[in-house]
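Below: one structure, written as structure tokens.
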Amino acid sequence: MNHGHTPLLSVSALSKRYPGVVALNGVDLTADAGEVHALVGANGAGKSTLMNLLSGAQSPSGGEIRIAGQSMQFAGPSAAQEQGIATVYQEFSLVPQLSVSRNIYLGREPKGALGLIDGRALRTQTIALLERFGLKLDPDAEVSTLSVAEQQLVEIARALSFEGRILILDEPTAVLSLAEQENLFAIIRQLRRDGMLILYVSHYLKEVLAIADQVTVLRDGEKIATRLTKGLTVDALVETMTGASGAFDKAAAPRTMRDEPPYLVSYQADTGTSTLTLAAGEIVGVAGLVGSGRTTFAKALTGNPLPTAIADIRRAGESFRFASPRAAMREGFVYITEDRKRDGIFTELDIVANATASALNRLGRGPLRDVRREKAAASDMLTRLRLVASSLGAPIGKLSGGNQQKVLIGRALLTEPRVLVCDEPTRGIDVGAKAEIHEILRDLAASGVAILVVSSETEELLALAHRIVVMHERCFVAEMPVEEADDMRILLAASGGAEVMEKNNGN
Amino acid sequence: MALARGCARLDLESTGVWLLLAGAVLAAAVTIPTFRDPANLVNVLRQSSVLGILAIGQTFVIAAGMLDLSIGMLTGLVVVLACWLLEADPSIAYTLAVAAMMILLGASVGLVNGTLVNRLKLHPLILTFGMLSILQGLIFTFTDRSVGSASPLLQSIANDSLWGIPLSTILLAVVLVLSHLAFTRTRFGYHLVAAGGNPESARRAGINVAAIRLACFVISGAFAGLAGLLLAGRLGTGYPLAGSGLELDAIVAVVLGGTALAGGRGSVVRSIAGVLALAIISNVLNLLGVSAFVQMFVKGLIVVVAILVNQPRRENP
Amino acid sequence: DQASDAAQTKKAAEMVDTSAFKKDGPYKIGVSAGYLANSWVVFALQHVRWEASKHADVTNVIVTDASFNPTKQISDIEDLLRQDIDLLIYWPVDDSAIASVLKRAVDAGVPTVQAGGGFSDTPGTVSNAYISQWTLGEMVARKLMADLGGKGKIIAMLPIAGTTAAVDQLDALQTVLKEFPDVELVSTEYGDWNRAKAKQITENLLQRFPKIDGVFSPAGQMSIGIAEAFDEAGRLGEVTMSPGDEYNGWLKWVAKHGQGGAVTFPTRAGQEAVKIGMAILKGEPVKRGVAVPSVYISPAEISKYADMEAPDDWWSSELPAEFLPKQ
Amino acid sequence: MSTLDLLRNEATTRFLARNAIFAVLLLVFCLAVAISDAFLQPLYIFNVVRQVAPVGIAAIGVTFVMILGGVDLSVGAVISLTSVFCAVQMGGDADNTAFALLAACAIGAAIGTVNGIAAAFTRVSPFILTLGTGIAVLGLTQIYSGGTARGIVAPGFREFFNFRIGGIVPVLALALAALTAVGLLIQHKTIFGRQLFLVGSNRRAANLSGLPTARVTVLAYALSGLFGAFAGIALLARSGVSNTLSGQGLEFQVLAAVVLGGTTFEGGRGGIAGTIAGVLVLVIAFNLVNISGLPYAMQLVVMGTIIILASAVYGQISARSG
């Protein structure tokens, strides 16, 4: 919206070129104090690039940034910070070996006598900050020992500690629990009231419409439009993002019945034992709050047990307890990670290498590779998954998140799995790609694969699963056919308020 | 849970070297009477100060996520030059002047290392390995035999004691205290471990990572200069090969001290514990009259075992 | 140089009053080896053990190895003194580097005897069982000049740069060369007593110089590497090898090619050192230095020394079987 | 279409990055030829190749380990031990040759396996780990050899490896070529070879993808040890004797060569071809200095400079390709 006075932030004709890529192309944007301004767009649209330019992490190839009317050239992040711009980056931006407090005030440690750092002051400052914003963190804990969610909270606390004029949040909620998200939104509203400008990047469009005053849509590095969120619908927003009506059908595909007996899984966690069934041809969704233990279960099921996380699998007389992913794969149990960058992709290796990683033996002859067969298998699989890539020789690191995820799915499928376990299969992936991946999973189920989907996005589970189990404190506390499921029931069960419901074992 | 696990590891990591040290001392004290002889302990201290100073310098570099293989030959170069310069005029005044020069020389070699690492984006290991070779070449171009002699001042600092404590040990202690302060109480110290732990995060926090790296190399270079002066005093003469291999001993000591080569952690105090452990082990083996050949084997074994029991924790999440 | 060598011989003749060191047995002998990873010093050390075994009042021999590191040798000697040794036998990595710690030993009443290296005239060394690397170098040089007929281009292969051996041998050669203006020293190399290294260096020299008439190489183990290089380049014919030392591999080579000869480099220097040391402990006056003389062995008489059955890395000696290094 | 040529030049930069070392090699070689025509004489070239055989062979093994993201500093010690051991076992008798060679290889592989197990099942930094095992092995060698280069090589052993086929190509040079071929085969044609890159690129992902990361790790280090033994044998073949010091310090020449060849310490990149090129760059540079008559000391200076410059050039190019 255009105020009479000079807006706090105005960006004109801003561009960023990377060798080869035009990440951002002549983008104009104005946003004002006391405003929450959201940025949405497909993977690779340029959201993070824009944020990185504003936070001084990268310098523009063209265009101008004005803060309160003054033109800025940020030499580096510290320059931007001096202008009161604080950032929560999309990528992990902490030092794992250091404590929470040292991370929060990194670069701004309080000095005491003789210019020496005042450790006590550092600690008290941190405690004060955490209390003020209701963040539950141990100031002395080493970041490497925190969960993903807790680490994200540290990044947020760090940004808040600047008490600047502009707060940049690049996908802050991707790994946060509902409660933590609510707290964050409360904080954002507070800051807005205090006259701060919040730039908010997210793929969760509901969230965006709930929290933001205005939303700017980027596509292929260009600005498509800036809209008031008032009266804007998700579908309308999706349409502007994708340039086409991309809204995907929420109706779960009909379950294809099989006569094979189901797998009976009994999961022994530190908090007790609970069971779960998995049948060929059905998609089971696992809901739960962050930290409820879904990933740990998913990994235990696929050959990464902990002493306190063991999955026993029985089916028609046979019974397994996998000691390694390798062993699990032999029985057709395959896991697709929730953390692509860290546990998924082989960044500098090409697409073929990434896709065939798990299937080398079945594609080769004895100890020898069959390079031609690898190429063929990879390209067949990836065309089937509608992968968009220049050439299969390109390193996977250059692909967008969505396409990377497709390659990972391809890797799993090349092992011809019987049970496919997808952990947050669409985290950080734009709506277009998301719909495609859902389609792929449905087809797989139809072809007789048993699929377990762990997701923090209820809509996703409702759209995808035939049956939804809810995890709370590392046990399955509720189970419901999708027809009977809705946000409320799931949330209730997930937060421990599970009302007893007769189990529907899905057959 | 995860936190507990973390702390457990952290503990062993920081205490491992003390256990090793205590173990070595105890074993020695009970088995060998001569070990308890204060004069012997003084020996061990005196024998440790050169490596100690080098290890402290190396700790800065390693904590910052790098490595400096050039300090050994740099020490050697200083030994040769200092003795050569001091032969003409061993006066105290001139000694001090030369000392200043040598420390400056060391620092400037560090400056070159740091600049090249920053500018050419070279892997520190390969760069400093090249530098090692260059320095060795320079030494031999300068002389192929022992030259000059260390001034009385240098010799007495290296060999004499004050109230029964070797002067070189006192010097080491001063360096240690200052370095420990730098690590634990200054922004530089805070920022260098950050830069070592995750350079990109450090950069985003507004830390000038390049400057940090430069500084670390300068420090390790300057300390190599200082160590060279001590070594000159101890040898009394400019022996061309005096420094060869010291860089690896220093690295071993630092790692025994629980500083992972991955960077992001580091304690100069523990590095010194590592140095002492090594010195005592070799002293004990000598006192036990263990065959010279077996000594080498035992040392290798101890290094391996020590680092195996004292493993670095898992790195970045 | 020559003068200093003469001076050295004169000094060596001086007698030392050892009454200060007189003490009764049993005795503990400490040996500080500058390095042991070298067959010559291993044989020298075996001679030390052999001689010690002949003295009933010598209870044990403690050996430390500085493996070419003078700093460690200082520490080693300090540690040996801690163990109340009665006699210190040593060979240096570097003479001057250990001068002061040796002085401390002598001040502490522990006599010190240098074994096998060059004569060392410092207050820290009571006596020497020494081999004059200079005389050795001179003998080798003169023999080479004779074989060359006083003219031609030669190369010099020396041991580890900076060691007494390297320094004195080169100095001796240069002194001798003054008398032979028609002999040109085209290149001086350091082969570190390492046969492979000597060979590689020579291979390159062969590229650099279309003609090399003679090779000055007093250390046998390097002479072999050099000869191999010439041989493989098909140029063995053009070159005159200097005498080497009693390195068995070299002796075998001489026996095979009837060329070069050898200058003894007696490993019994170690034995001499113990004899001197025991005399000192008895308080008997001793010479500052006992030269263990090198003699020239012509190719003709080489077979008396060469042991065709023994390894290359072996030294001809009188050691009794039980004291020979394991083979 | 803009994306198309973007990809084209992206591909080219990647190509350049992969092959920077060969450019460097060409450069150094031309320089060599310019300074001395000796570098055009086959006899001399092969001499150079033969000189570098031990380092080159060891470097092949170490490359496997470094693709995996590890490093092997014990290789120098392994070279010493295996060559001494081999000579002693031969004991001057041709009948012992076969056993001596096999046993030496077994020892090398065994030491490598120990490194591998430690590297696979602990989180110890391989740099310090192999530095330690290296010291230990050096000690073993000293204990075993007692300081002398014990043993006598079997008659004909040296002669065989140094025999020049057609009066030009020494068998030792052929051996290096053959082992290079084997290395290339393992790298490109075997599943293990591909798994090396996968594990080196992202160990966690490799493990989750069901790769036998531990087995791959152990095997890689075992190969490094085995090739170390081959190198030890080559060294013995060249010199005819060997002692504790023979292999000392070689590990760093090897390291330099591998890194010059474009195999990074981070792993997941590089390969045998580059390594061999790196080896040749180093040896040519060394001989160049030698031929141009610079003193030994200067050789060291030039070596150091080349290592820095070459890897700088490499780094620049690969940096641009991301």
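Here the chain labels run A, B, C and D in written order, and each chain numbers its own residues starting at 1.
In this section, a contact is a pair of C-beta atoms (placed from the backbone, for glycine too) under 8 Å apart; a residue touches a chain by one contact, two chains touch by 3 or more.
Bear in mind that the values here come from a model prediction, so they are computed numbers and not experimental data.
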| item | value |
| --- | --- |
| Distance-maximising chain from chain B - centres being C-alpha averages | A |
| Centre-of-Cα separation between chain D and chain A, whole angstrom | 43 |
| Inter-chain centre distance, chain B versus chain D - centres from mean C-alpha coordinates, in Å | 30 |
| Separation of chain A from chain C, taking each centre as the mean of its C-alpha atoms, in whole Å | 73 |
| Contacts with two or more other chains, residues of chain D listed in rising order | 142, 146-147, 296 |
| Per-residue overlap in chain B, given as positions that touch at least 2 other chains | 140, 144, 291-293, 295-296, 313-314 |
| Residues of chain A engaged with two or more neighbouring chains | 342 |
| Full enumeration of touching chain pairs | A-B, A-D, B-C, B-D, C-D |
| List of chain A residues in touch with chain B within their complex | 55, 57, 76-78, 81, 87, 89, 91-98, 102, 106-107, 109, 111, 115-117, 119, 138, 141-148, 151, 270, 342 |
| Chain B residues touching chain C - in the complex, by the definition given at the top | 34, 37, 39-40, 43, 46-47, 50, 140, 143-146, 149, 155, 159, 231, 234-237, 239-242, 244-245, 282-283, 286-287, 289, 291-293, 295-296 |
| Chain D contact footprint on chain C (complex, rising order) | 36-39, 41-43, 161, 187, 189-190, 192, 194-196, 199-201, 203-205, 207-208, 221, 224-225, 228, 232, 249, 309-314, 325-327 |
| Partner chain A, residues of chain B touching it in the complex | 1-3, 5-7, 10, 181, 185-187, 190-191, 193-194, 197-198, 200-208, 264-265, 313-317 |
| Chain D residues within the chain C interface of the complex | 36, 38, 44, 47, 51, 87, 92, 142, 146-152, 162, 164, 235, 238-246, 287, 290-291, 293, 296 |
